[in-house]
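One structure below.
Just so it is clear, A, B, C and D label the chains in written order, and each chain counts residues from 1 on its own.
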Amino acid sequence: MTGNQSAADPPPLLEVRNLVKHFPVHTGLLGRKTAVVRAVDGVSFAISAGETLGVVGESGCGKTTLGRAILRLIEPTSGEILVEGADFRAVRGKKLRAMRRHLQIVFQDPFSSLNPRMTIGDAVREGIVIHRLAEGAEADRRVRHLLEEVGLHGEIANRYPHEFSGGQRQRIGIARALAVQPQFIVCDEPVSALDVSVQAQVVNLLLDLQRDRRLAYLFISHDLRVVEQVATRVAVMYLGRVVELATADALYREPLMPYSQALLSAIPVPDPVTRRERIVLSGDVPSPANPPTGCHFHPRCHHPGRDAACARISPPLEEKAPGHWVACIKQPPTTVPWDVQLQHGATNPPSRYLPDLTAIRA
Amino acid sequence: MAGFLLRRAAQSVAVLFAVATLTFFLLHLAPGDPLDAIASDARIPSDVRDSLRVRFGLDQPLAIQYARHLTGIVQGEFGYSTSQHRPVGDVMADVIPNTLLLMGAAMFLAFAGGIVLGALQGGRADSRFDRIASALTTTMATLPDFWLASGVSLVFAHKLRWLPIAGKVDPAMHMLLSPGAQILDVLRHMALPVFSLVVIAGSVVARYQRAALLDIWSEDYVRTALAAGVPWRRRLYHHALRNALLPIITIFGLSLPSLVGGAVFVETVFAWPGIGRLAVEGLLLRDYALVLGVVIVTSALVALGSLLADVLHGVADPRMRNG
Amino acid sequence: MADVTPASVAAFADYAPPVTSLPPAQPATLWKTLRRDRTFRSALAVLGVIVGAAIFAPLLAPYDPAAQFDLTTRLQAPSAAHWFGTDPVTRDVLSRVVFGARISLTIAFLAVALSLTIGTVVGAAAGFVGGSFDAFVARSIDALLSIPRVLLLLSVLSLWGELSTRALVVLIGTTGWFGVARLVRGEVAALRQRDFVTASRALGARGMRVLVRHVVPHLASPILVAATLGVGHMIVVEAGLSFLGFGVPQPDASWGSIIRDGREFMQTAWWLTAFPGLALVLTVLAVNVVSDRLRAALSPRQLPAP
Amino acid sequence: MNERNTLLAVENLRTSYRTTHGTARAVDNVSFNIDAGEILGIVGESGCGKTATALSVLRLIDPPGRIEAGSHLWFEGHDLLTLDEEAIRQVRGRRIAMVFQEPMTALNPVFTVGDQVAEVVRVHTSATRREAWARAVAMLDRVGIPEPAIRARSYPHQLSGGLRQRVLIAMALVMRPALLIADEPTTALDVTIQAQILELLQELQREMGMAVMLITHDLGVVAEVAQRVIVMYAGQVVEEAGVQDLFSSPRHPYTRGLLRAMPRARRAAERLQTIPGTVPSPTAWPAGCRFRDRCADAFEPCGNPPDLFDLGGGHRARCFLTQVTAATAPTEPSMPSRI
C-alpha cells in the first residue's frame, strides 16, 4: 500500500498517494468560495496487474469522484498518481492523451454512456482511431473481434445503441474500453443498473477479460455482494476517506472498522432460514461539505469503546493485521497511544469488538 | 435567501453596466459623432460646433468619455434632448409613469387571465374546449403588436366609436371633469392599448401555463397524491397549479423585454404618451441622447422587474429559500 | 438518466424494458412521426404556398408591383381585377404582397442564418470551454437579452440613420443571436456532463474531436427548432421596424412597409393593411406551428400543443 | 390458505399498453390472493410486470395503458374495477395505500411534509385542520422521524432520502389501511438506510396487522421480509410459494436461475451462474412457455403454454417439468393433465 518497497521491486501498475479532490461551494455575493466538499480526502492505495480493488461505500462517500480523479477526468486537488512509477499528474496535452490509453473506464448508466448518434462500431473504433492502432480493414477486423470478445455478434457494428438492452450496452462500453488495450480499468458501478440475471453475465465477462488480459480493475460499487464476488482486495470509503482496506477474504470474514461491520450486516441474506445479528445504524450519512470532526463515523458508531476522543482524533489508516488496514483508534492495536487518547478525553481503552456477522441457521 | 438576493442584485447591476457599455460603444462606433445632426446644419458656424464638442467632452480621450458616460448614468443624467430642448432625464420622468400604468395593467390582466385559461385547459387537456382555446392562443400569440393594435383601433375607435382613438386623456374635456370622471376618462383611453397587449401576452402566458401544468401532471408527487385518494380537483388546483406557477414566474421575468417592446408599438399606434412612443419620436427627430436614455432606463426597469420575478420565485419555491 | 427518460416511459417503468430509451432523432424516424401529424402537414403546406409565391413572384403576381394605372383605379376596393384592391398610387395590392413576401422572407431567412451562426458559435464555445469565460459570456447574454429588442434596434438606427436592405439583415441578425447562444450553451454544458463525452476524453480524444463527434451532432435538434421559431420572429421584427418607418428602403417593400404605407388610409381602405397583415400572420403562424410540432416530435416529454 | 382471510383476490388481471411497436401485454392473466395481515413478496426483473400489477390494483394505470375487460380485483366485497371514481378514491389511501420507489420525487416540493401527511387525513375524514395536523405529527413520530413536531414543518428538500421515505410511509399508513403496496421501497436507498426502512415496515406491519404487497427485484429483501412469494416473468406468475419453500426448493427454472445468479458465494473471483439471453419484448411474448428460449431444461411440451400447476402446500409453478416424474422424464413427454 504505502511505500516501503525495496528498490528491486518493480513499481506497482498503479499507485495513488494521498489523493485529494475538493469541490468548492460557491455562495454569497459574487459567488465567493465559502466551503469545500471534501469528496476525496487523502486516499492512498496500490493496484498490481491482474488484481481487482473493490471500492464500496454509500452514496456521497466519494467513490465515483475517486475513480474519475485517478483518471484525471476530474483534476485532483492534490496527491500523486503513479502509473508504473511514472507521474501521471505531471503529463500534459499530447502526452496525457497518449497515456490515457492505459487507463480506461466503464460507466454505470448504460443509457448515457454511449453516444446515441454514433453506431456502436464507431464507438468501439474511436479509441483505435485516436491512437492510430489500426486502419481500414484491419480496424474493422479489430472492432469485430472486440465485439465478439464481449459476447456480441460482430455484424452489429453498424447499429445504434438504442437497439440494444442495458446488458448489451454495457458489453459495448466494455469493448470500447478494451479497444485501446488498457492495463487498468475503472469500473464505476458497472452492473448496478442491470437486472440480477444480466448482472451475473457482465460480472462473468469482466472476470474472463481480467484472466485473459491480466487487467487490473478498480471496481466501484455500493453492492457489497457484487464486490465480494469480483474483488481481491476491498477498500471501504466513508465521507471521502478509506476507513478499511483489506483482502476481500479478511474484510468479509472479519471486518474491523465498525462502519464496515454495519455495512456488511445490512446486506439482506437471500435465504429465509438464516438470520444474523443486524447492526442498524441510526441516522443518515452526514453531508460531505460538513463532516463530523475526528472520526467521521463517530456520531453513528456502535463500537462499545466509542468515547470523546473519537470526536477529536482523526484516526489514521493503520495496519491492524498483516495487509488489513483500518482507521479506528478503538480497535487494537493502534498507533495512537493511550496517553494521547487520554489527553483528548478518552474514557474507554481500545478493545477488540467483533460482532458475529456469520449467518445463523434458524 | 439574503445571500441569493445580494448575488442577484449584483447581477442586475452587472446587466446595467453591460447595457451602459454597449450603448457607449454603439455611440462611438456610429459614423461621425453625435453632433453630426447639428453639424449638418450649415447655419451653425464651425467654432460653435467645436465649442459644443468641448462642452460635450467629445474632444476627450475615449476612456475619459466612457467614464463620464458611466458616471452620468449613475447620477441619472442622460444628456440633453435636442428635440425637446431639456434634459433627457426630465423628459423621461414625465412619461415613465404613463408607461408603468399601461404595462402594469396589461401585465396584471395578461398573467391573471393567462394563468386561469391555461389551468382550465391543462385540467381538461385534449377536450374540445382545450383544442379550441389552444388554436386561439396559438394564433393570438403570433399576431404582430402593431397590426393587432391598428386593427383594434380601426374597429373599436374609428368605426364603432366606442372608445377614444388616441392619447391618455381627452385633451379638451379632461380638466373640466370631476375626479371620478377623470379616472374614467383615463381608463377609457387605456382600454384599447391594454386590450391589445393583453391579447398577445395573455395567450403566451396561457400556452406556457398549460404546458407547465401538463408537465407537472406526470410528476411522481401528483401520482402519490392520486394513490393517497386526493380528489382530482384538489390535485389539479392545489398540487399541480401551485407548482406550475413557478415556471410562470420565470416566464414573467423573461417576457418583460418583449412586453416592453410590444408597448413601443402599442403606444405609437394609440399615441399613448409613454416611453416607447418617446423613443420612436426621438428616433424620427434624430435625438440620439433621448433614444439611448430610453434604452438604458427601460433596461434598468426590465432588470428590476426580473429581479422582482426572482424574488417572487424565491418566495414561492421553498427550495430556493434555504438551498 | 433523468434527462433522457420521457415521462410516458417513466410512468410505467416496470413495463418499459431498458431498450425503450429515447431513440436518437434520426431524420427518418422524425419524418415518420411528423408525417402522421395533420396540423404539421397543413402548416407545412401553407408555408410551401407562401415560399412558392415568393420564389415565383414574377410569374404569379397579376401585375408589376410598381405599375401605376390611371387615377380612376386609385384606392379601389377588392375586385375581380384587383383581388386585394389598389393603393393610393393605383398599385395592385396583391402584386405588392406577393413581391413583399420575397423581401420579408429573404430578410428573415438571411437574418436567421446569421443569428444561428453567431449564436451557435458563441454558445458552443462558452459551454464547451466552461469556467470563467463561460460565466462571462452567460452574464453578457443575460444583459443583452434584458434590452428590449425593438429599443436596441431603434438606438442603433438612431445612430446609423437609414440602412440598406443588406445592412438591415446584418443588423437584425447580429441582434438576434442572444437567445440561440443561451440555448446552445445550455445544451453543450449538459452534453459535456454525459458519460459518453467523458468516455471519449478517457480514450484520449482532443477537445476538438469531442466537440465535433459527440457534441455537435446533438445540437441539430435544438438548432432546428430555434431556426424555425427564429424565422417567424425575424419576419415580425423586420415588419415592426418597417412599420415604424425604419425598415427596408424604397423602392423595396416588405409586408411591414406595405402595412405602414396603408396606415393613413386605414379608415377608408382597410384592404391596404389587412391583406399584407394576414399574409404576415399566416406565415408566422405556420412557421410557429411547424416549430412547435418539431419540438414535440423531438422531445416526447413536451406534450404537443394543438 | 384460508378462504375467509383473503383480503384481495386478483383474478385474471390483464393490463396492456399501446405503444408504437404494438400492444404491450405488461400483465397477462395474473391471479393471486393476499390474505389479511400477510406480507406477500412479488419478485421479478424489470419488464416482468410487477409494477404494472401493483398500479393496476389501485387503478393507477393511465392511458395509453388500460386494464382489460375480464379482469377482477376483489377487495372487501367489491370488485375494485367496477367502482366509480369517487368510490375508488375512497379506497385509495384509506383502505389500500401505496409507497413508491423514488423518495426524492414522490413528495410535493412546495408543501411541508406535515401538510402532505395531514392532507391524507383531511381528504378521507372530517377531521379539522388541527386534528389532521396532530395525527400527522403522531404518525411522523411513529415512523421514527426525530423531533416530529418540528420536522413536520420541513419541506421535502430539507430531508434526506431515508427520512423522505419515512414520510411517504407515514402518508401511506396514517389512515391505517388494510393493504399496503410497497413498490421497491428501498431500491433508491443506501444499504444501511434500506435496513432501517425494512425493519420499520415489518414493525409497522406487525403492529397494525395490515397486509403488505412488497414488490422488489431483490431476493435478499424478499427472504428477509416476505412470508409468501410470487415470482413474475414476462407478465405472468411463474411460481408462487411460501418463502422457505421457494428458497429451499424452487420449482421453476427461472426461479432457480435467479437464485443461482445472486452473488452470494464467499469465494472471490469465481464465475457466477447466469441465465442466458434476455427477457423477451412485451409486445411479442413468445408462444408456449415464455422462458423456453432461456431454459436449459426445455423439452417438447414447452411449445405449449404451461398452466400454473398446483404442487401442493400452496406451491404453484408454471412449468411442465413439475408434472414429469423422474421415470417418464424428457424422453417420452406426455401432455400433462390440466388442473
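Everything that follows uses one rule, which is that a residue touches a chain if its C-beta (ideal position, glycine included) is under 8 Å from a C-beta of that chain, and two chains touch if they have at least 3 such contacts.
Given the structure is predicted, the values throughout are model-derived calculations rather than measurements.
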Shared interface partners, meaning chains that touch subunit C and subunit D: A, B
Graph separation of subunit A and subunit D (steps between touching chains): 1
Subunit B and subunit D: spacing of chain centres that average the CA atoms, whole Å: 55
Centroid distance [mean C-alpha coordinates] between subunit C and subunit A, Å: 50
Intercentroid distance (Cα basis), subunit C paired with subunit B, Å: 22
Two or more partner chains touched - positions in subunit B: 223
Junction residues of subunit D - those touching two or more other chains: 46, 279
Contacts with 2+ other chains: residues of subunit C: 8, 11, 17-19
Complex interface listing, subunit B residues touching subunit D: 219-232, 234, 239, 242-243, 246, 316-319, 322-323
Interfacial residue positions of subunit A with respect to subunit D in the complex: 52, 58-59, 165, 167-168, 195-201, 203-204, 207-208, 222-226, 228-232, 248-249, 252, 262-263, 265-273, 278, 280-281, 284-285
Subunit C partner contacts - residues on subunit B that touch it in the complex: 11, 14-19, 22-23, 26-27, 30-31, 34, 125-126, 130-131, 134-135, 138-139, 141-147, 150-151, 154, 158-159, 207, 210-211, 214-215, 218, 223, 254, 256-258, 260-261, 264-265, 268, 276, 279-280, 282-284, 286-288, 291-292, 294-295, 298-299, 302-303, 306
Subunit C contact footprint on subunit A (complex, rising order): 68, 71, 73, 96-101, 103-105, 107, 109-118, 123, 126-127, 130-131, 160, 162-166, 173, 176-177, 179-180, 193
Complex interface listing, subunit D residues touching subunit B: 58, 60, 85, 89-94, 97-98, 100, 102, 105-111, 119-120, 123-124, 155, 157-158, 168, 171-172
